[in-house]
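Listed below are the structures to be examined.
Both of the next two complexes hold subunit A, though its partner changes from subunit B to subunit C.
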Partner chain A sequence: QKVSVEVLQHLEHLALVDFRDAEGVQRLQKAIQFADQLHEVNTDGVEPMDSVLEDRWCLYLREDDVTEGNCTKELLENAREKVEEYFVAPPGNIPLPKLEEQETFLQGS
Partner chain B sequence: AALNGGLRSQVSAALKEGRVAPTELCQRCLALIKSTKFLNAYITIAEETALKQAEESEERYKRGSQPLGILDGIPIAVKDNFNTAGIETTCASNMLKGYISPYNATVVQKLLDQGAVLLGKTNLDEFAMGSGSTDGVFGPVRNPWSYSKQYKEKSVPKPHPEDEESSWVITGGSSGGSAAAVASFTCFAALGSDTGGSTRNPAAHCGVVGLKPTYGLISRHGLIPLVNSMDVPGILTRCVDDAAVLLGSLAGHDPKDSTTIQDDFKPFELPNLADVSKLSIGIPKEYHAPGLSSEILALWSKAADLFKNAGAKVVEVSLPHTPYSIVCYHVLCTAEVASNMARFDGLEYGHRSDMKDSTESLYAATRREGFNDVVRGRILSGNYFLLKQNYEKYFVKAQKVRRLIANDFVKVFRSGVDILLTPTTLRDAAPYTEFIQEDNRTRSAQDDILTQAANMAGLPAISVPTALSERGLPIGLQFIGRSFQEKQLLTVAKWFEKQVQFPLIQLEEVKRHDSDVFQHQKSASFS
Partner chain C sequence: LAPWVPVVGLEIHAQISSNSKLFSGSQVQFAAPPNSLVSFFDASLPGTLPVLNRRCVEAAVMTGLALNCSINKKSLFDRKHYFYADLPAGYQITQQRVPIAVNGSLSYSLCIDNKMSQMVTKTVRIKQIQLEQDSGKSLHDDTRSQTLVDLNRAGVGLMEVVMEPDMCCGEEAAAAVRELQLILQTLGSSQAVMAEGQLRVDANVSVHHPGEPYGVRTEVKNINSIRFLAKAIDYEIQRQIEELENGGTILNETRAFDSKLGCTVPMRDKEGKQDYRFMPEPNLPPLILYDAKSLPANMNHQQVINIDWIHERLPDLPSVKRKKLVEQYGILPEHSFTLLNEEGLAEFFESVVKQTQMKPKKVIGWILKDLLSYLKQHSLTVKESPVSSFVLADLLNLLEKKEISSTAAKQVLAELWKGEGKTPLEIVKEQKLELLQDQKELEQICQAVIDGHKNEVIMMVLG
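Let's look at the complex of A and B:
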């Protein structure tokens, strides 16, 4: 089945990356088709594997001691826009343009 | 001649005895990098700092004080997805052009602490996604063997020099720059990364040794992540002994990477194995994959016979879930990539779009401008598989299949097999013009088939140059070992290397007919 336009748009919003054109959507369709082969495998009673080190090691916690830091200057160096010790971003809470407002190829596919 | 020797036995000895100086080695490598610029193996050349490091090393040798180790004064190269303080780290992407790392990756720091000379950062597929080293923003890497006597002898002579130009072959990927750098003698060793075969694949195509260590042995701190549960730093060298030296310098627990095991690691020298009769070599039948060239199949068989004739036990084994490894990887990789790439938003580092309407539109525009199609495609696929309605069906399902793949290996090793012997690639290096006919995802799916499962199971694996193909290009065979048994793996690999006596590359003088021919290539390396 083809992926619905709603899901495509949802993905673009989640990923903050666009499909760009019909080819991009095709690529996703092919990727899903490819992934569907997984369902040929019988995984009854099999636990999902998070890490190959599951037997060897438990994710350990260390003491909550400050061991490094004080590198504000270095960290800000690579940012293009900053004010004093802040990274600067445009205003938030403004949703991306809706489907109807975008000139989009999605309606064509 | 020093450029050719083993690190421990020859180069280090030459440095200690004063037969060659670190600055001399460094300058020779830098000169060679310049004269092989057409390979496009390097993105950034850190000439000034390299020479300074070489001078400091020379001081240590002169004063007669103990050198810092075998690597003191040795020129090395690092794949451009490792952070290197003060040096641009781009991941061959527009997203990180101009990003100057504020810190060294742990593996880089370890190399520098031992006196290694960091020559520069090598080229790769963008964000290490790919199997050709053709999809980075700085252009593709050319396999040095394209310019070898061995390859030229076997190719049909072309009527025009321009055609000659277009017959060059790929390095494989994604650590193609590192592999080419080692193969063309511009450095003694290079760091790569390996998530699905990215160190072993180019090693096989470029005729060098490519080691993927056990997951958890070497720190990933500072390696820009692709798939946190599978990534490992990879080691590329000209011989197995050198890989052991590098491994010794890099392995061990890192408090900054909680996925490194806590056990003490003891660096080791490789014994010269004389008797293989106690060894059991497994030949997994599923690695006779569709598309495997008859040439490589024959070579694999010959290698198995080599062990058999030397007295080893050689048995056919089965890893039944091997055919699903690529599909499983496809889902898990894209899912982790979707998560890992979320950090690139333009605010703290890297490319930032001029879009000012809103935070969301800034992020979207930055990512649209910064990532290539391959990266964006994987992010979108990954997000699809992670949607609530798909999570169980795809992501969790893939995690279950992963366990089955890992268990296949456990069963085989438990049955008494010590090492597995398989091909590394399906064929020898393809010409670039042929390789780019298929898209990145298709290529990766095809090319990763023989290498990916080792990442899935976290096992150590090494590609050893074995013989030249009918086209005069390198073919490598792969050994896969038990978790954390690198010493056994490398010992066997070293024995094999000695038996096969892989030929030295005979690099021809490249006649530059036309400087125009190279102009289309973006010259991204700067001193």
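Let's look at the complex of A and C:
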């Protein structure tokens, strides 16, 4: 079952990835097929598990003390652009160009 | 024309009052140099992990209990993904699947026809309360076409309180939010000052005809005060009704309230519905809470949160405080509302009552009419009052002992507002406002008046 162009475009938009070429898309399709095998197991009435820790307590609770911060200089070291100790970003999200305007592989699909 | 039924629901974000952030040890403070209250985790540097702040959990449990919620003994954390410059991780840690508290209720009161003497109690259901991270702040610099990002707020703990669409207009929403604000402030779980962004409210509004399914709803954001909340909602209800009556349709969109124009305007690009790709937060195990029954035997106290322990220590909520004021002092219910609505006013009232022989039912008039109106006129808080409870009690005692008249008392009060440090008695003496009690003296004065106005007396005697 092929993944539709709309879904591929949606994924590229959501995760800011680029499937590049036919091989990339095929790899994705194979990955989905592989994961789909999970559906072969009947999980009716079974609670989903997202942690092997289950109900065992082990979420550590920290005391409400101030122990970090005050490292503006270090943090800004990584910034490509800064203005008076603020990080600089483009004005709002730059919308991705529509499919027709992109020069992606998906256009040809 | 068939009647329209407006439906209003609210999503409220309350900043948790804590020293440090939800998942890191950086400080929570309103005004500070940009990016000075930011840890490596808050800046989303690789290799950092979230560590849950105990105080934030307690705040959420307190709030859940105060709102009659069921506290989930096991709740989970999730990631909500979207891209924005003030969200460095590209996702927000929240509780989407199983929040910490669910199925509560909030009772609030409304005046019918603006008459405080006719109050009606309404209830709104609380769908859930969840713990989540706040984002940083974006400052838009349109001239240079850039956004400046300050992450001081990024990671501060929030309680999102979701209210079911049980409200029907701006007034109800405003009253519900006001009551929630008072509750949060009483609990201390949030200072809930809207002006400082500690309480943010988004409204979901739709209209439909009775008996028909609910209409398409819009989300209204950017509301900065309770007053604007009512305005924004009422405007949006009207806008939707007009649109539909003109044959138009309502788009499921997000709109911003423009306080200057008093209207709502479309806010976001129509990118289609947001897909947040929720997934469990892999770095946080489930949050387990206990009660007296389930308390584990051998566990470090510091690591255990006991819901019952917190329940026992909840302070009196506003509704209980009001009831007690009415019962203890014999004042009217609407009086108790006004007392609690002003920070420190109830305490001031009780303090005056303790220090005077005047009955509380009479004292309340002086508090609500004279004191409060003066404070409002001069935009002062109760704390800033130039007249202390001691001084006011002193004045009321003079009145009660009939040493001055009620009119004279108001005159003295007007003088006391100047805050020159004079005692009420000093002012009474200065302005010669003492009531004369001596019968003989009074007779003498009357006689003197009669003697001094012989003509008028003759006119009166003749009729």
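Convention: the second predicted complex is superposed on the first by the 98 of 109 C-alpha atoms of A that agree within 3 Å, B and C clash if a C-alpha of one lies under 4 Å from a C-alpha of the other, contacts with A are read in each partner's own complex, and residues count from 1 in each chain.
Keep in mind that, in the parts below, a contact is a pair of C-beta atoms (placed from the backbone, for glycine too) under 8 Å apart; a residue touches a chain by one contact, two chains touch by 3 or more.
What you see is a predicted model, and the numbers here were worked out from it, not measured in a lab.
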First (subunit B), second (subunit C), both or neither touched by A:28: first
Partner chain in contact with A:86 - subunit B first, subunit C second, else both or neither: second
Touching partner for A:4 - first (subunit B), second (subunit C), both, neither: neither
Touching partner for A:63 - first (subunit B), second (subunit C), both, neither: second
First (subunit B), second (subunit C), both or neither touched by A:14: both
Partner chain(s) touched by A:50 [first = subunit B, second = subunit C, both, neither]: both
First (subunit B), second (subunit C), both or neither touched by A:71: both
Superposition-derived comparison: subunit B or subunit C, residues of subunit A touched: B
Shared subunit A surface residues [contacts with subunit B and with subunit C]: 10, 14, 16, 50-51, 53, 56-57, 59-60, 62, 71, 75, 78, 87-93, 95
Residues of subunit B defined as touching subunit A within the complex: 99-100, 102-103, 215-216, 229, 255, 258-259, 261-262, 321, 324, 327-328, 330-331, 334, 338, 345-350, 352, 355-364, 367-368, 371, 373, 376-377, 379-381, 383-385, 387, 393-394, 396-404, 406, 439, 441, 445, 457-458, 483
Touch list for subunit A against partner subunit C, complex: 10, 14, 16, 50-51, 53-72, 75-76, 78, 83-93, 95
For the subunit A and subunit B complex, residues of the former touching the latter: 3, 7, 10-12, 14-20, 24, 27-28, 30-32, 34-35, 37-41, 43, 46-53, 56-57, 59-60, 62, 71, 74-75, 77-81, 87-96
Sites on subunit C touched by subunit A in the complex: 18-20, 24-27, 33-41, 43, 45, 51-57, 74, 76, 81, 83-85, 138-142, 145-151, 269, 271, 275, 277, 280, 284-288, 296, 299, 302-303, 305
